[in-house]
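Paired with chain B in one complex and with chain C in the other, chain A is shared by the two complexes that follow.
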Partner chain A sequence: MDILITGLLLGGTYSLIAMGLNLQYGVARIMNLANGEMLVIGAFAAFWVFTAGQISPILSIVVVAPLAFLLNWLIYRFMLLPLVRRAKSAGQLEVDSILATFGLAFVFVGIMIATFGGEYFTYSYLAEPFVILGETYALNRVVAFVLAAIMCGLLYLWLNKSRPGMAVRAVAVNPESSGLVGINVSRVSAFAFGLGGAVTAVGGTLISTFLTMDASIGVLFTMKALIIVIMGGVGDVRGVIVASLILGLAETAVASLIDPGLTLAAAYFMFILILLFRPQGLFGRRSS
Partner chain B sequence: MKRRTILKLAAATALAGTMAFGGAQAADTIKIGASAPKTGPLAGGSTVTHWPNIKLWVEQVNARGGLQLKSGKAKLELVEYDDQTNPGEAIKNIQRMATQDKVDFIIAPYGTAFNLATAPIFDKYGYPQIAVSAISDQIPELTKRYPRLFFTLGTTTAFAQAVADILVQMKNDGKIGSKVAMVNVADAFGIELAAAARPIFKKAGLDVVYDKSYPLGTQDLSPIVKGAKASNPDSFVAWSYPPDTFGLTQQAIIQNLDVKAFYTAVATCFPAYGGKFGSKVNGNLGAGGINPDTPAMQAYAAAHKKITGKDADGWASATTYASLEILEQAIEGVGSADRDAVTDYIKNNTFKTVMGDVTFKNQNNDVFWTVGQWQNGKYYGVASTGRPGEKPVQLKSGWN
Partner chain C sequence: MNGNELRNILLAAAGLGLAALLPLTGSGYLLSLGVTVAMYTVLATSWALFSGPTHYISLATGAFYGLGTYVVAVGIDTLPYPVLLLIAFVAGGVAAGLVGLATLRLSGVYFVIFTLGLAEMIRQLVTWVQNNWGSHRGLYVLTDITEEIIYWELLAAAALVYLVGWWINRSRLGFALRIIGNDEVVAAHCGINTARSKVLLFMVSGSVAALVGGLLAPRWTYIEPAIAFSAMLSFQVVIMALLGGASRLWGPLVGVIPFTLLWEVISGHFPNQTTLLLGVAFLLIVYVIPNGILGRLEQLYRAAREGAG
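Coming up: the complex of A and B.
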């Protein structure tokens, strides 16, 4: 039971890391390697607001989310849209966007180091014990999990029950045909990219309450997000949730039952299994 | 044809110009090169411990007019490179500073692996290398192989031994039992320390009841703390790196891991550690220490805060600064930028530094701090191999 809850909490963290990338890659077709840096920026913002004004990281989401949306929307509009227009095939866009966002990651790291310096930033927020079924957990992780669940739920409902959500899904399935039925593909893509960035930054804000970070740690999160998105299947919210939970549970089970040293091995073992037996991901569609 | 001649002429003039300029410059500046992480996994540590001290030292020396050479005062000019926490990049940087920037001296890089990786290059170009953030048991072999390499911070065994000594002392005083939970980060540093600690702990009569490692960058350390807690230990020892030092401490608070001695390694002495946890970490033990109450240390801490805007850490910060003081005194003692003479001077003299007197025996400083402890919001050295001012160790009494 303890392993189950710890694993679920870790899975919630992972879904925060990966959900934004899923939107960006699945809908806007941008394999955003600067995803982890966006997460660190969100964390930085929370840290800054918390140490400067004792303002709760949860409240700072209200500011972080729109700002991150705007920033990512601008990035898509002015940096990535020219690449999308120029690309002759999906493959070319993938290569171009990987190169461009790889560069962008360095720009972000540079800006963060120039403005905040390179040292570790960490603060204590809700670092209190929280008892579930007689076992103790960190309250900040529980809060992050609950908010992650709410965020994933809202995203899922919005994508599946609303008209704009349907347009987003249509673009995820097939950009060309979506254009034919009157969807403004570049606008929807820009929106999805911005939304993905906002979700990632909010994830960073929540994660900063329990992880110690520094300006150059983003790449770790990008790697984790890539694994989860590919495991879950590109462009499907359910895939990310399920893959995150599986990964969280597997890592916790291995750490508690076998050896903490093997958590990474367990994660990559799962990854290889899925690549071998379901290369399109758990919820992915087989590419035609 | 004609254009080419003009170009050549222009190039020759430019070259002559720079050479003349270079020659004139050599008399009144000393060029110092520095390469260490500004980005990458080790950047978080080097921006606390390494870079601020270089800035502090250069500003202080230049503020008093420069170094006193035989030919007059020489100001310092600093050349900085980011090694991106990549040993290959570090080697390239050192090479570049030696051959292209033609710096007079190079400050040793940050991190054990980086000091070892660049030692051959320092040696090849004849630069003295006063390593600070480098802890190894191979010091005798390394200094024999590289006659310009100096060590200041201590050995792996000494650090493990000091922790064992403290625990044994507490046990003999009847304050704690013999059960130790030990964890380590699965990285060169943690593996080496855990390997050194196992036989030492055993010999000291300590009973290691939990012994696990975890990968660098583990995002949830709660299974480890829970596992340690389940083994019901009297003391907890973690050979940890900064992010996990923070993570393990936080989990220990949340799980209420009630031990009488709680030790985490790197970054326990960071100001951010005390800043984050406040009074909860009173009694926490960590790697390395200082005696913050000497007048020299107080002046250093104040200057560090004033010039860099940040607090120095409770361990390698001051030693980094001391290594620069040693370089400074050796250059002034020789009276020129003669690198061979400066290297010999370092080998054969005693230096007055912020840490106290430093003398190298076989290129190694064997008087160093090994363990420190947070006591009433301040980090004090509690064990050393001969530094004065060790505070008595306190028992940890709960997380509040």
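Coming up: the complex of A and C.
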């Protein structure tokens, strides 16, 4: 029971991060390997604001989200769009964007190490007990979960019920045809990329309330987000949420039953199962 | 074999012979730099054997390398060294085969992601096994193998990789891979078993990486998971190969030498800035020299010839 709830709480926060990556990969078609670094930047901003001014990390979201959106929008507009334009094939764009975002990831890590050092950073926020079904959990995990759930819900509604959301989904399905029906594909892509980055950074802010982070931990979160997106199916919101809950559960189970050092191995195990049996995603249909 | 190829082979042999004389300078620093350069040459060239024609970016070099190192470290007290190297070679091939079978049937993105975390995952598993069933965390590799011997062994491995690469280029397999790299759908329609060709070549590259890991194990003396399975190694190899140019057999060599020297300087003076260097190098490759130094030189050469003619 304890594992179940802790796992679900963790998985809920993961779903926000994976949702960010999903927007970037599903809509803008950029496999953003600097995604985890964006998360660390979000976490670091919260840490900095909290230790400097005792401002609640929840409030810092108001600043983190727009800044992260702007940063990611600029990255797409000035670094990735030229690659999209020069690419002769989807394969070439894939290779180029993978290399470019790797470069970005390392540059981010390098800058963070240079300015703040490589130490672990952690702070204590809402570290109070909270009782669910007779068991106690840390309040910060519960708050992070609730906020992540609200944001996922809003995103889902926005994507499915609003006109701009529909444009985003149209580009995700087929960029060429959406251009034909009067959607400005590169603008929508840049917007989705920025939004994805903002969502991820907010996820980082939430995670930093209960996890200890350091400047180079980003790649681990990139891995997890990638595994979740592949497991859930690219562009599939429902699948991604289910997949992140499964991953959260699996990691918590392995960490508490076998060894806390094996969480990545647990994620890999699920990854292999998915690759072997359902490479199209949990709810995906096999393409003909 | 035509005259051009014969000339290239003679040149390569002469270069190798010249490189083999390095230990005679008697400088320990030069020798240790030579070992590093030779190691990256073998790794980057074997990486490019697979990734050059197919454009699949493998980040698994560190994992196979660590595997080789560990095979030697675990067995050094019970089995003779050459046998261990053979085991490392085979183990690398088998591991690459398994990874390839799981991922290379699908699109390239899955492959990149899978190899990205592979070294870290194996590190976690090895640490876990050692904590629970091993007597201590690290392993000692005590041999009388000197740095000169490691250097010559690496040169021999480099010669082997060049020969294999040259042979693959001429073979049906190499031709098939070039078609796959240009257009996988066309390749499949030509009747090429794309998955099998990719897995086979990935196994070659994995075996070589494991072999290099095994060859370098005596250099470390003390081995623990964090040393053997370094994710940095995979990235360095990718950068060196792409920097030189992965579409030619000797392209990676052109990238290895300047990058190793630069890395030495940066990690010596600004040890915290190595990550930044990696990042800048990646961006440089994508935006400034997408075909590597060699590609750029060929472009200039062609432009100059056209200008003259």
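Definition applied: the second predicted complex is superposed on the first by the 267 of 288 C-alpha atoms of A that agree within 3 Å, B and C clash if a C-alpha of one lies under 4 Å from a C-alpha of the other, contacts with A are read in each partner's own complex, and residues count from 1 in each chain.
In the analysis below, contacts are C-beta pairs under 8 Å (C-beta built on N, C-alpha and C of every residue); 3 or more make two chains touch, one makes a residue touch a chain.
Just so it is clear, the structure is predicted and the values come from calculations on it, not from any experiment.
In the superposition on chain A, A:Pro129 makes contact with chain B only, not with chain C. When both complexes are overlaid on chain A, the residue A:Tyr120 reaches chain B alone and has no touch with chain C.
Once the two complexes are overlaid on the shared chain, A:Ser216 sits against chain B and chain C alike. In the superposition on chain A, contact of A:Asn184 is made with neither chain B nor chain C.
In the superposition on chain A, A:Asp96 contacts chain C only, with no contact to chain B. With both structures placed on the common chain, the touch criterion links A:Met31 to chain C but leaves chain B unconnected. Judged by the touch definition given at the top, the superposed model places A:Asp259 against both chain B and chain C. Of the two partner chains placed by superposition, only chain B is touched by A:Thr6; chain C is not. In the overlay built on the shared chain, the residue A:Asn174 is in contact with neither chain B nor chain C.
On chain A, the surface patch touched by chain B in one complex and by chain C in the other comprises residues 109-110, 113, 118, 216, 220, 259, 261, 263-264.
By the touch criterion stated above, chain B contacts chain A in their complex at residues 37-41, 43-44, 46-48, 85, 183, 186, 212-215, 217-220, 222-224, 226-227, 242-243, 246-247, 250-251, 253-256, 267, 270, 272, 276-278, 310.
Taken in their complex, chain C has these residues touching chain A: 55, 57, 102-103, 106, 108-110, 112-114, 116-117, 120-121, 124-125, 127-128, 131-132, 184, 231, 235, 242, 272-273, 275-287, 290. On the side of chain A, the complex with chain B involves touching residues 2-3, 6, 9-10, 13, 109-110, 113, 117-124, 127-129, 136-139, 141, 210-217, 220, 224, 248, 251-252, 255-256, 259-261, 263-264. Taken in their complex, chain A has these residues touching chain C: 31, 33, 83, 91-92, 94-96, 98-100, 102-111, 113-114, 118, 216, 219-220, 222-223, 226-227, 230, 259, 261-265, 267-268, 271-272, 275-276, 279.
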